[in-house]
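Below are two complexes that have chain A in common, paired first with chain B and then with chain C.
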Partner chain A sequence: MKLEWFVAFFFIPTASLLAKKTTAASSTKWWSMVLSPSMTNSVTDTQGIINIIDPKLKILNKRQRRLVSQNRGTLAAINRAVKMAVSECRYQFKERRWNCPTFNKDRGPESLFGKILNSGCRETSFIYSITSAAVTHSVARSCSEGTIESCTCDYKFRGDSGNDWEWGGCSDNADFGHRFGKKFVDSGEKGRDLRHAMNLHNNEAGRKTVSSEMRRECKCHGMSGSCTIETCWMRLPTFRTVGELIKERFDGASRVTMRNDGSPSDRETESSFVPYNPSHKQPASRDLVYFENSPDFCERNDKFGTPGTRGRECNATSLGVDGCDLMCCSRGSTTTEIKVKERCSCTFHWCCKVKCEECTSFRTVHRCL
Partner chain B sequence: MECSNKERQNRLIGCCKSRMDLSYRCFVVCILCISIFLSGPTKTDASATWMWLGAASLGAASVGRDTIPDGSLGHQTATQAPPINSILVDPETLCQRFPGLTVEQRRVCSSTPEIINMISEGAKVGIIECQRQFSTERWNCSVIGDVNNPFGEVMNTGNKETAFIYAITSAGVVYAVTRSCSLGNLTECGCATPRGQPSDDVVDDDEEWKWGGCTDDVDYGIKLARKFVDSGDKYSSSSSLSSPSPPPSALSRPLTIKPGVQEMNLHNNEAGRQLIKSGMKTLCRCHGVSASCSLKTCWKAMPSFKEIGDLAKSRYSEGVEVVVRTKKQIRLRRKDRRVRREVIASDELVYMQRSPNYCRTNREIGIVGTTGRECNRTSTGSDSCDLLCCGRGYNTQVIRRVERCDCKFIWCCKVKCRVCETVTDIYTCK
Partner chain C sequence: MAGVVIENLSTKKLMGIVVLLLLIQIACFLVGGLIAPSPTSAHTHLATKCIDPAISLQKAFVPHGPNACSKVSTFAEATEKNIEADWIVFSIMMPHRPNRMDRSFQYMLGVLSLDIVYKEDNEMGDEPELTILVEMMYNNDDNAQGEWKKMYSINETRKLNCEFFHQKSPEAEGYSYDCEPIPLFELGTVHHKYYLLNIRLPVWEVDPDTQEVVRELNTNLGAVQELSVVEIHQNGGFTLVWLTLKTALFPLVILAMIWFWKRIVQLARPPVLLERTILALAITISILNLPLEWLTFFHDMPYMLLLSDIRQGACYAMLFSFWIIFVGEHMMDQQERNRLRVYWRQVGSMTLGCMCLFVFDVVERGVQLTNPFYSLWNTETGRRLAMIFVVLAGICAFLYTIFLIFMVYGVFKNISMKRAALPHMVAARRLHYEGLIYRFRFFMIFTLICAVMTAIFFIFSQINEGNWKWGEDKHNIQYSSAFFTGVYGMWNVYVLAVLMLYAPSHKNKPTLQNGDTSEGSQVEFEMSTNVSSTAPSTSAALNPSGAASQAGTSEVYQLLGKVAND
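So, the complex of A and B:
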């Protein structure tokens, strides 16, 4: 596995051939971008993007490099996107047995989320979807912030306004985000097998979740509080909302298998797979798909590269997955009291200080055995 | 124009009124499962405590359970014993048809053979109510064993669910026996004559009233249920009766009962009976010139079994964890040290073991698991996909339902309907 990755590292054009075997190798390398502390905003840099990101450039494939250099400023957006995706994934799964662990080994496509990417389970589909959604979200927002050279605010919302409001302001450019995200994220997925169909579908599901959740936001004008006229623009949903929606799809994800009726698989219409159980619903475009059952994540699992739930904090009273019973897989838990020092009864003193006292409280913590 | 969730879930014969026009009705095709599911030869290695529950399989109606759409269990063989006409059958033959009865139970059966159908009815009422109460929870009171042991290992574990089954089936017997007394179906009992005054909220001080009608003879029901149901526990150690067709494993096996289990079961049986007694209501009817109410006739009636189920469910959620004290004699005591001295009330349900989570199938301890159970995507309660599926996620199925709707009565005498097709998604746990 290591060697194959090594080969892919140097011979990027051939990576797609190896991808069939090495699974997630080539398509997800760009995620390693999260490891760099901050990317220079390349718009302001005169030397050109290639020089700045040179050491990190190896993590991008040829098409991705071309895209990044054609759209200056996107690299910073992608960097932010990966960070957003990781923190959102951690947040959404903090109460699950698999809590989106990430690894800081600075090598290989497996460095970020670990071996779970080589499987095709529900968790894998979530990771793909959330990272893809994050790129779309981050790029679309960067357009309206003006940090990407090749795009601006979305001005297509013109004309048809309401009675007491009109289009104006700067709409987030979800179209550009979607287009760029598709080119950038999907560029590594060149195979024709189920894994690639799955990754492409989940990437697209993530992007669609972002662009279909655009909301109109308005601002009043006129005399104070009168709101005689409103200016409205389209704004992206918060990334928390996106995370929640994708998490919902994760719970209802469909297990799929290759279509075996001989019909040619068509990547554009995403009809290359069918539900594993024929009586189940055909996954819609925003549904997540997977082809392999997840392990129970109870114990350390080397195949999936998951650490298990030993030592995890659990909730003694909850009936859900965060409850000690389910989280610890009936192994039981230990209870300890820890001292928590907090600042409390803070008061504001004119001007300008906040004075607090220090309070000590005890908190009961349950941890899985 | 849709059935309420509850109706759909229970697959009871449903017919919901349209909110638009009461004359239109949709007749929903629903299924009343009348079957006990047999899961092949499961082992019945336990005392004869609940053997009488096998009676539930006999009689006109039977215990129902929803079919599982995508269950690993698959469709199981449905069997149903033919109804018994107790009058035409010789008592001895009749009683022999019940496997696993204790000496005392057999004695009751042969002395009053009519009673056995009532007990069978009671067990059924209890089990159906249990399934209704738990339809949205991970443990859904599923009948997984054979006729001798409908609930499988749950009956031997001594947890809250065991407690509930004991209480609700014991209450069911009281209910069924008492009701057939009032209906005049049993020769040994009839209506009771209540004593004392009805409560103030049904009869004012200045009103004239008298006891009349038919008061449910709940005392008789309780006495009989106590004699029959409790004997399973009381006499279980001496129950090795040689009957012509003994259930082989149950009676030949030496009984190993943990200390305190019998006491717990007896307590919960009694708690179930007390639920009915404490729920008795006084009802009155007016007589005299129209609406004058110059004389009231009052009687005491049992609550509906649904109310008893609700009450039992709240007792279940407030269940008391107990430990066994074996100084001179075996006694149960509250586990919570702070309230240890408080006497356990007769209507509290007691349990000795914490319940498992009922998430995954485990045949050994009789857990069906929640795979294939229908869940509610939008709810936040116990039937939500999140809680019911234990984090495993859910599958989506599209159900196309063709039913007659917008039915109209045309004079005279035709009913014309349209055919409606509804497509709904149902969600089942992975």
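So, the complex of A and C:
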């Protein structure tokens, strides 16, 4: 019964939307696995691996399903990746008019980030980049956690033989994260138009950000602890660092347009587009690209599916985008004083709270009209 | 010392020997570069957060598999569920599934790193100290199904060195501290198939008798998010190549040594100091070559790490003594030496330095036999003690270098003086000095090449490591392995050459009617120099040694001194 519910919930809306028109969102259905009720519970079963024969796989395409079933444990990693991406996106955009709103349930699976994905604006490029980076990051993390078995020694890519491990150890987990991420995330982008080229580029930019932020740490363990023998490894960056860097690239994203020499590029690489402004240089591999200007996000916009800034909290003293003037698009704001109950003077142990008191304070809140 | 082989050897034979040694050298280098994998590999293990409300130290908490513990994925979740800090057990199983450990890994190191984020109400305190309760267990059943057997249960305290690169403000919440990785353990043996680490960060120290809380622990760590352990071991492939190399070199040096000593015994006179030193050098390098490590495949020998450090150290000590004695015996002044006591200052300083390192090593590795989590560097007093040892060893090495430079300078001064006087000498006396000079210069150049090559290879392998990028093609040459096997082979070749070329010659002293002997030997010398200097491009070399590179710098001075004198 549960299965049928899942199919009804995910598959039917997907199918009906696909039938209407193929949109960019068709490749990104996997994002919505985070909405699946069984997945939102982050406590894994005793095996530590989420069962792969799961109806929510309907939201994956054939290639993704094959990848996931070949690499046990990746599904949980992808699920966590989407959550990481959403929360990081919200964090990075919390002071902007578009604050990375997500939608669930009502609108069908591809609408996790809303209709903004159907456009080709800066925000879209950020979403693609951060989700792709999250998959790479999360899969690499799961590898070092030991919940994905196929990554630590990638026998599949080097033929069989368990000898590899005994003979020469294993390659870095981030390598697997990158390769898996590329296969999984890019698998839906099959078109040859500018949108697909843009998405592929932004996906790769996200992954590259993760790999290039890997930090090298070393340990000397030669004779008497000297550095004649030194072993180094790569440490995964925190996802906050990755988010911050992608946000920087978002701020400096370059607008591109289709190559106008009429030669249809036969490969979906960055060579299929050129800078919108011919005097700008070709975007680098870690730069974000977009081809459509963003709306101002002030009012509800049905084309982009954005709710506008009505009712958003703003900062009366700030002159930046989070200030009431800019945030509310000069519509003005209301000021209310609210009573907040907070936990305070907590004592902590290294991980968990021990005890807190409850304090009451008053806070002035400004909200956009 | 009477005439040695090198003085009386024909150019043809000398060439033969040089080519033979060169081939051994090239083989050692290629074996490391092409067959062996990289010497070590590191694997990151992110700890699984198991829950143990009973705080039972008896149970094994396994991260995954059929007997997996109950766990939380984040501490936010733990807080929600009212889980307390001392219920958390960080569980790490090594190696990653589906692999298993192999005895050829020889040793295993662990490095701990913590991911701690800034939280305004739970900030990291000043000089945070980490107290950990670690249990190490092993399992030899297939797929780690059976019971975990306890190896060590240890309580350790480490200093945490962390920095925060953002401004501490509410906006910075959730940003991570940058913490230095902490050395966790060093196991001198990898005898079992699976290893399990259960790490707890206790919050109370409880008096074992009264069960009362003595004090709070881990109070100023801040908000710990993750704990991970990087496990490092020697690659099995490298171990096999390395041991094969040792096994092959061992009989070679032993044979050369026996041949050398037979020649000495055949002489009418008792062996002189230099000959005894050469024998001692050959013996120490043979002890180093002895492939004892094969035994680790059958027996659990945790002391192997200590043993190989000692063997290696003895070899360095012997090599340095040999250099001093060799130079001293070629001083060419009228002073009678031939006794070890004459060199007490030089050899003494070197022995003292080596003893310092020896004591340091025995303490560090010795205690690690019973507690692999121990390190002298962990405690304040231990660190001071270790520093004293290291600084003392450094001073001794410096003194030694000064002595050696002075002696080499003295020899070159004497050489140039004797050179000027040569034409006026009696023929026999002239030949004697020419022989001495030739021997010495050959030795100097040969040693210099070996030392400089060691330094160059060391620097090269370091630079190459520095440029290392992840995801690169794995099938290129393994420079660091080539460095280790090459340098090891080079010093073996060095000892072989010394044994063969500096053994007493059978031939009688060059006869007087052969008027142009000196010229001939000069030609030979020039040739051998040329050959030797082409060797390094393809050759490489005794174990990785910082000391050898130190020696390298001293050799440069020697070379300068030589040039100045020439």
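Here is the rule we go by: the second predicted complex is superposed on the first by the 267 of 369 C-alpha atoms of A that agree within 3 Å, B and C clash if a C-alpha of one lies under 4 Å from a C-alpha of the other, contacts with A are read in each partner's own complex, and residues count from 1 in each chain.
The rule is simple: a contact is a pair of C-beta atoms (placed from the backbone, for glycine too) under 8 Å apart; a residue touches a chain by one contact, two chains touch by 3 or more.
Just so it is clear, the model here is predicted, and its values are computed rather than measured.
Look at A:Ser224: by the touch rule set out above, it reaches chain C but stays clear of chain B. In the superposition on chain A, contact is made by A:His280 with chain B only, not with chain C.
Of the two partner chains placed by the overlay, neither chain B nor chain C lies in contact with A:Asp193.
Between chain B and chain C, C contacts the larger number of chain A residues. Using the contact criterion defined above for the overlaid structures, shared-chain residue A:Asp251 touches chain B, although it does not reach chain C.
Contacts of A:Trp233 after superposition on the shared chain: chain C is touched, whereas chain B is not. Looking at the shared chain after the overlay, A:Glu213 reaches neither chain B nor chain C. With both structures placed on the common chain, the touch criterion links A:Cys351 to chain C but leaves chain B unconnected.
After overlaying the two complexes on the shared chain, residue contacts for A:Glu166 are found with chain C alone; chain B is out of touch. Contacts from chain C toward chain A in the complex involve residues 37-46, 48, 63-66, 68, 70-75, 77-79, 83-86, 88, 93, 95-99, 102, 104, 109, 111, 113, 115, 121-122, 174-176, 181, 183, 186, 201, 203, 218-219, 221-224, 228, 230, 232-233, 235-238, 309, 312-313, 357, 360-361, 364, 458, 462, 465, 468, 470-471, 474, 543-546. Against chain A, in their complex, chain B makes its touches with residues 69-70, 356-357, 359, 377, 382, 385-387, 389-391, 393-398, 425, 427.
Residues 42-44, 46-49, 91, 141, 143-147, 149, 152-153, 162, 165-175, 178, 211, 214, 216-217, 219, 221-235, 238, 240-241, 346, 348-354 of chain A are the ones touching chain C in the complex. Put simply, chain A touches chain B in their complex at residues 96-97, 122, 250-255, 277, 279-281, 319-321, 325-326, 330.
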